[in-house]
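The chains carry the letters A, B, C, D, E and F, assigned in the order they are written, with residues numbered from 1 in each.
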Amino acid sequence: MALVLKISGRVFDNEELVLKYAEILNKLPGRIAVVAGGGEVARRYIAVARKGGASNTFQDLLGIYASRLNALLLISLLKDAYAKVPRNMEEFLEAWGRSRIVVTGGFQPGQSTATVAALVAEAVRAAALLNAANIDAVYSDDPRKNPNATRLSELKYDEFERILRSSNLPGGYELIDTWAVSILKRSCITTYIFDGRTPEAIEAVVRGENPGSKITC
Amino acid sequence: MALVLKISGRVFDNEELVLKYAEILNKLPGRIAVVAGGGEVARRYIAVARKGGASNTFQDLLGIYASRLNALLLISLLKDAYAKVPRNMEEFLEAWGRSRIVVTGGFQPGQSTATVAALVAEAVRAAALLNAANIDAVYSDDPRKNPNATRLSELKYDEFERILRSSNLPGGYELIDTWAVSILKRSCITTYIFDGRTPEAIEAVVRGENPGSKITC
Amino acid sequence: MALVLKISGRVFDNEELVLKYAEILNKLPGRIAVVAGGGEVARRYIAVARKGGASNTFQDLLGIYASRLNALLLISLLKDAYAKVPRNMEEFLEAWGRSRIVVTGGFQPGQSTATVAALVAEAVRAAALLNAANIDAVYSDDPRKNPNATRLSELKYDEFERILRSSNLPGGYELIDTWAVSILKRSCITTYIFDGRTPEAIEAVVRGENPGSKITC
Amino acid sequence: MALVLKISGRVFDNEELVLKYAEILNKLPGRIAVVAGGGEVARRYIAVARKGGASNTFQDLLGIYASRLNALLLISLLKDAYAKVPRNMEEFLEAWGRSRIVVTGGFQPGQSTATVAALVAEAVRAAALLNAANIDAVYSDDPRKNPNATRLSELKYDEFERILRSSNLPGGYELIDTWAVSILKRSCITTYIFDGRTPEAIEAVVRGENPGSKITC
Amino acid sequence: MALVLKISGRVFDNEELVLKYAEILNKLPGRIAVVAGGGEVARRYIAVARKGGASNTFQDLLGIYASRLNALLLISLLKDAYAKVPRNMEEFLEAWGRSRIVVTGGFQPGQSTATVAALVAEAVRAAALLNAANIDAVYSDDPRKNPNATRLSELKYDEFERILRSSNLPGGYELIDTWAVSILKRSCITTYIFDGRTPEAIEAVVRGENPGSKITC
Amino acid sequence: MALVLKISGRVFDNEELVLKYAEILNKLPGRIAVVAGGGEVARRYIAVARKGGASNTFQDLLGIYASRLNALLLISLLKDAYAKVPRNMEEFLEAWGRSRIVVTGGFQPGQSTATVAALVAEAVRAAALLNAANIDAVYSDDPRKNPNATRLSELKYDEFERILRSSNLPGGYELIDTWAVSILKRSCITTYIFDGRTPEAIEAVVRGENPGSKITC
């Protein structure tokens, strides 16, 4: 069974972390689809574009190009990854099956890389989606705001959706968008959320552990 | 300023209606992007695929292929439409600007053609999105269920989102998905919703009338 | 050695039959190229386009899009088929060799899917072309018109061409076009024609039987 | 109204003739689609491939590549031609409309460039197809074999088909294949056949003259 | 006559400068091809890749992806630029002619964006190549090393090549590679080199002035 | 480890030689990338284009198309070659890994096929580049001009560059361009240069012999 790994864009702002991810992916057995986020480069380019009056379409495209740059960096460090960054689902399906690892970035405007990861997980009928996030687990509320927020090791998609919706207020914490969740839920794909700064968590999940939160349908 | 026209897939199940849309688009001045839905053909193919155990990805792709068939039918009847059906935003942007009319269908799995229409409206900085729907206007509740539902001629996106969310229950009425709405809202694009069986409504909107509901930010 | 299977578009108008073909292809060993016809969906869209004054080019393209929809439906039901529908010979050659099964539809205007099947058979140096047709065998004349028409179990391409030419009159029966035959003949590819409603015939041919007609050079 | 010009591959074996065609096309007003044949280069490469046991598919592809080389040579000499050689009908349709002149070669195996020209003429709803051939007109029989063959200035497609079929014997003269003729006939496109060594004939046709044979439906 | 503008990657490290370039290009009349360099983002990604043992091919590809991100940023700020970043000469030729401005980045490994600019200048038969560089003009030697280096307002390509070759030592200053120069020389395209931090220099060149160095054949 | 074989265009002017190369490549074990030159066909088409005033860009493109025709001829004769001719590095990388042998021609204007071979060698991290040249080895000077030129069996890239530069005068001999050499040098790829008329030299190199010159870093 294949795995899908979503790597937060922020990971790519840290050189050592990128090399560590490559090292782990080179050792990991089985087939893996990786989806890279945009990170600091994306944010910086989007800011300039917005300042100059660019449309939302182009702001999003800049984020997508930045995520593809991150994807290519990872490809350059892997031993048996597909040599190109697929730009949409049809290209991804074409790439998948020819190489052990396929790395992609964003697909199109108006869509997060988390949603790309969910769609990819559905397309490869993934055993699980591993989300290397900016937070170490799912909490009942934003832990940076609410000291009473409790850490949730295991939860169902219905509960996850409720949490995301209630915290989707100004100040709410961005973990994954509801569109991505609805896709994972409709195909019953288990999601693991863990801290992106600890790439060893990937190996933990493969060993059957739960280094952060595990979400099931 | 360009217009975007979203045509419900059901329109394509009615031969006379398709010819009427083509007639009106051939007379309409200005630049137009059209997004075709999947309709009965989509539903039938998806049903067979599901019965045979196909993944959600392929079920969605079948709907996309069916919507592209509808798009091509419309192209074949138009005088100055772009000759191909763009398959993603990058292809759409390439097509746009070369022909007065560009007709597209679905873009990718996990995404409605309503969302494609919203993304296209954003990309062309459209004056308005005209939604030729399966209902004649927005109602405060599902009119087929609730006899007290009131017809709303003008409303704001915030109110529209509230209605969509509350009716997003089993039995709720499907008009447009919340992802499409969030895109239209972030770019402040006016949406007109009218009955897809009355293509003359397009001309009414162009004349400044409101044949169904008008949603603004 | 590879096989090429041409499936009449009419098969796709019958849900059960489609599922049965998928089941057989999933069990069949060896490499297989499948070419899907357009069927009822093609006919219906072409009729609307013709009524609206569309060119022959677009009428043919609608038939091609419909055949691709049929091809994708089959792909969605197969375990190791190539995930995309090749759109011309160059794309087909690229796909061939990467998956055990490649499914395609029409290639271009002015060309039948029977001709596509013949070209594909030539390209993969197929052992045989299996034509799942709208008739159960080749007859000396149109059996629906001439009660004296005799069923031909084995025949040569020269004789086949003579029959096709003589029956190529108003009212003649359409089985395969002469262009397809001339390609099969020049590359000496054996063709089996059998009733498309009996997919088991594929297994019969593989076992060395002749369920309908066998044409050789 | 657009014109389609089919240039026999042999023209490209003659440097002066190629330059003369470019000169005339650069002066000619209106929109023009040009289809280049393969010529001596095609024949030579196909011969080597056949000697080495290559399939018919690759033999045909070599002819197509050679015709694209001829097409590019013409493009390099034209002032407002589309810069690329379209490789199939979908690419041709994309190119058409963006430049005054589009030059193409062969499209796919098993198909002559005469057929490409017929399909292109249909696609652009051409006023006429100008066939710069290896012969100066249509004759009632092969003039190189039969001294009584009479030159036909005007004829109908039905008569043309009869002549082509009867001379389609070993030793018959190759002018245009019957598949191309059936396409031209179904769309009622007038064909002019004239000697490819006299490019001035193009201007004659545009002036309303008939320098060789004129075939109508 | 068209202009080609090569913008040093370092310009894209400065937000204000990028906006200023966009402003000037939006006002400039005529047709313009722009080639963006890679800048700081390119350098940073290449450094990580090298550290992780990536091949030169991938190191170069990362630089190319970074330059395409810069190109897209500029496109997002321009009013009538082609919406995509061409990835090779064939795509560039396809884009050119459809929009007033086409912006590209690197084309392929082993090749500088200066060379891309030279090839593009040749392809569009440019009146001149404007090189917005990291230095304000050509000097007889590296001005940062040799205080006696003299500023050269006008020079010939032969002299320019001599200077580049002699300074192509460890410590020599990188202005433009000799491959780019050999292309500009063979097609006799005038090059203007000026300080990339002063985008107004573009308008000066258009007015007939020489804000830095002018190189002719 | 993979090998890269650069075949001089002149080889393709000799039918027997082409068949011999195919025979040897069909027997050779391991993975091989082949780069075909343009030869006589290229020279002839470029000459016509130049006479008609075509740009350097199109002259180069004609040479590239001719080299692709040569590449396809070789593909048609090989048993397990990739069926298409990659047109740039991104397409090459996509093809590589799917077939034992990938054959390519030129990539883009302003670049020799020797440079393509060097870039390809870098991309596949080739054990060696085998250059089937128009000369049997590297000489200290042009042997056709200088009777005292000595044959060099082994040399370093530094020495090779010195020789190429000094002979890069009118009348100097064209063996490989300095751009190609700089790429081979930066990635430390061993080059073997031998007489293209003796394809057996390929087997000699594989056996560990040095049939011409061996260049190392």
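Criterion: contacts are C-beta pairs under 8 Å (C-beta built on N, C-alpha and C of every residue); 3 or more make two chains touch, one makes a residue touch a chain.
Given the structure is predicted, the values throughout are model-derived calculations rather than measurements.
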Contacts common to chain D and chain F (chain labels): C, E
More than half of A-B's contact pairs recur, by residue number, in one of C-D, D-F or A-E. Which one? C-D
Taking each chain's centre as the mean of its CA atoms, the one lying farthest from the centre of chain D is chain A
Chain centres from averaged Cα atoms put chain B and chain E apart, in whole Å, by 43
Quick check: how many Å separate the C-alpha centres of chain B and chain C? 36
Would you pick out the residues of chain B that each touch at least 2 other chains? 55, 61, 90, 93, 98
Considering only which chains touch which, how would you classify the arrangement: line, ring, star, complete or other? other
All chain pairs satisfying the touch rule are A-B, A-C, A-E, A-F, B-C, B-D, B-E, C-D, C-F, D-E, D-F, E-F
Chain B partner contacts - residues on chain D that touch it in the complex: 90, 93-94, 96-98
Residue ranges of chain B in contact with chain A within the complex: 55-57, 61, 87-90, 93, 107-111, 115, 118-119, 122-123, 125, 179, 183, 186-187
The chain C residues in contact with chain A across the complex are 83-84, 98-99
In the complex formed with chain D, which residues of chain F make contact? 15, 18-19, 22, 41, 45, 47-49, 51-55, 58-59, 61-62, 65-66, 68-69, 72-73, 75-77
